[in-house]
Amino acid sequence: MSRMKPSGYVCETVLRVRYAETDAMGIVHHAAYIPWFEVGRSDWLREAGFPYTEFEKLGYYLVVAEVGARYYRPAHYDELVTVRTWMADIQSRAVRIEYEIVNAAGATLVTGFTKHICIDGNGRPTRLPKALVEAVERQNSAFDPRAL
Amino acid sequence: MSRMKPSGYVCETVLRVRYAETDAMGIVHHAAYIPWFEVGRSDWLREAGFPYTEFEKLGYYLVVAEVGARYYRPAHYDELVTVRTWMADIQSRAVRIEYEIVNAAGATLVTGFTKHICIDGNGRPTRLPKALVEAVERQNSAFDPRAL
Amino acid sequence: MSRMKPSGYVCETVLRVRYAETDAMGIVHHAAYIPWFEVGRSDWLREAGFPYTEFEKLGYYLVVAEVGARYYRPAHYDELVTVRTWMADIQSRAVRIEYEIVNAAGATLVTGFTKHICIDGNGRPTRLPKALVEAVERQNSAFDPRAL
Amino acid sequence: MSRMKPSGYVCETVLRVRYAETDAMGIVHHAAYIPWFEVGRSDWLREAGFPYTEFEKLGYYLVVAEVGARYYRPAHYDELVTVRTWMADIQSRAVRIEYEIVNAAGATLVTGFTKHICIDGNGRPTRLPKALVEAVERQNSAFDPRAL
């Protein structure tokens, strides 16, 4: 039922929908999924042994340059949803991350992506730290798309 | 300095950045712009004489099917920003709305779009109410792209 | 190190701080704790066998009449925090819930309370459903304050 | 219809309820009022000639030590609400600010307060900057409670 083909290691984060994330339509507000993407990539990096907190300690920031999301089915209060996150593309100064959020039955609720640029403490675009590139490669090396 | 060419009447909404909208990078969190888009389209419809509250009273909902945003410059706490909103495309069952958020100096902070599908009270896709289509056409009829 | 004495069964919910919950001071924004209280009481009710979704299905709502919070120490992005929730008082039409949020070292970050009134589908105050009162009593019956 | 007696100059901020601020009960989520308090005190300080941005530039932070809110009536999407804010008490290292949020008919929706402590760049409690104390006194000097 999945709509996307991950191109790297998939980190799965289970979240329970908060009442505060719903809106007057009785469903999760469309903007509330964007922080879930963020939770997903945060978990991806932590699993890969390079948490974003380390990243900032080294004096780097991974700013969001672009975000996109498609909404297929609504989520409701108290539901368990799974955010599936993978590094879709990594370049010298930028990375593209993709997401698929599914419900407990495995049906796709939302798909999306973010593009990030690496900047230093002065706000200048810079090369991704080597430690990040290596962590991503190490994490993806075990990835076998046939196993999905 | 504007990066986008509006293709219809542009509604301008001035917002002041709230502290709650900032994050630990010291700038507005990227997800916080998505509700600003919503404020922009809400104002567009009200100006066109067909507020979204009327829309829901008629038993329709305009659900978000897709959202996209590109981030050019950060916004900071207490800054005044302007959300420029226009109806980029209107079809029988869907609309595409575009946005450009600029700072007080007129520089583009964020551009974006949303796609919406019209559903009825049972959640079934349905044609946009005629009153909405007419309001959009009326509002856009006076639009002269050369005036921008 | 705990600052509050729970007067009933304590439900513990572990949350990881989201980047979106931080503000320009580099810490969790004070308003972000309020939805954490909500997550806490949501988990309390689910553990007690009477999830809030059931509550709404019966045609009742538990509206928030009052909220209070005291802030002792800040929380930061990526930290694990624990929300400790208990039913402090239950009356015929109202309930008072208390909360203590602690960090991984057990230090108190925030304490708080909410007061709720039970309303029916027409918005009229009404008696708490018997099933809720029984679930609370059952859950609290095993509570031994000396065990804390 | 007002429920509170302001004890100082009242700053009024008009806000329009955003769809993102509503929840599945069809009304504004109770946590959404807390950032409105923040907008209110932000406007109070700007009107008094001492915007909070200046405050932070001087190396001070006004951290939230406590917040409280009572909810009387719900607010709904697209409604105009007014946040009334005043400095209720100012001490050497702390201030108490009070709020009343009313709807367009003047009926009280929410009342609340926040207590703040002044800290320096190292996170140590410190005396409020003299410029702030003077701005508050100047702004309040013209306040005549009989005029309310």
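First chain written, first letter: the chains are A, B, C and D, and each begins at residue 1.
To be clear about the criterion, a residue touches a chain if its C-beta (ideal position, glycine included) is under 8 Å from a C-beta of that chain, and two chains touch if they have at least 3 such contacts.
All figures in this text were calculated on a predicted structure; none of them were measured in a lab.
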Same or different contact residues where subunit D meets its copy subunit C, judged by the half mark: same
Chain at maximum distance from subunit B, centres defined as averaged CA atoms: C
Chain centre separation (subunit A, subunit D; CA means) in Å: 36
Whole-Å gap separating subunit A and subunit B, where each centre is the average of the chain's CA atoms: 25
Averaged-CA centre spacing for the pair subunit C and subunit A, given as whole angstrom: 29
Subunit B: positions in contact with at least two other chains: 19-20, 31, 34-35, 38, 77
Subunit D-facing residues of subunit A, complex: 19-20, 22-24, 26-27, 29, 31, 76-77
Subunit C-touching residues of subunit D, taken from the complex the two chains share: 25, 30-31, 34-35, 38, 61, 63-71
Subunit B-touching residues of subunit D, taken from the complex the two chains share: 16, 18-20, 34-35, 38-39, 42, 46, 51-53, 77-78
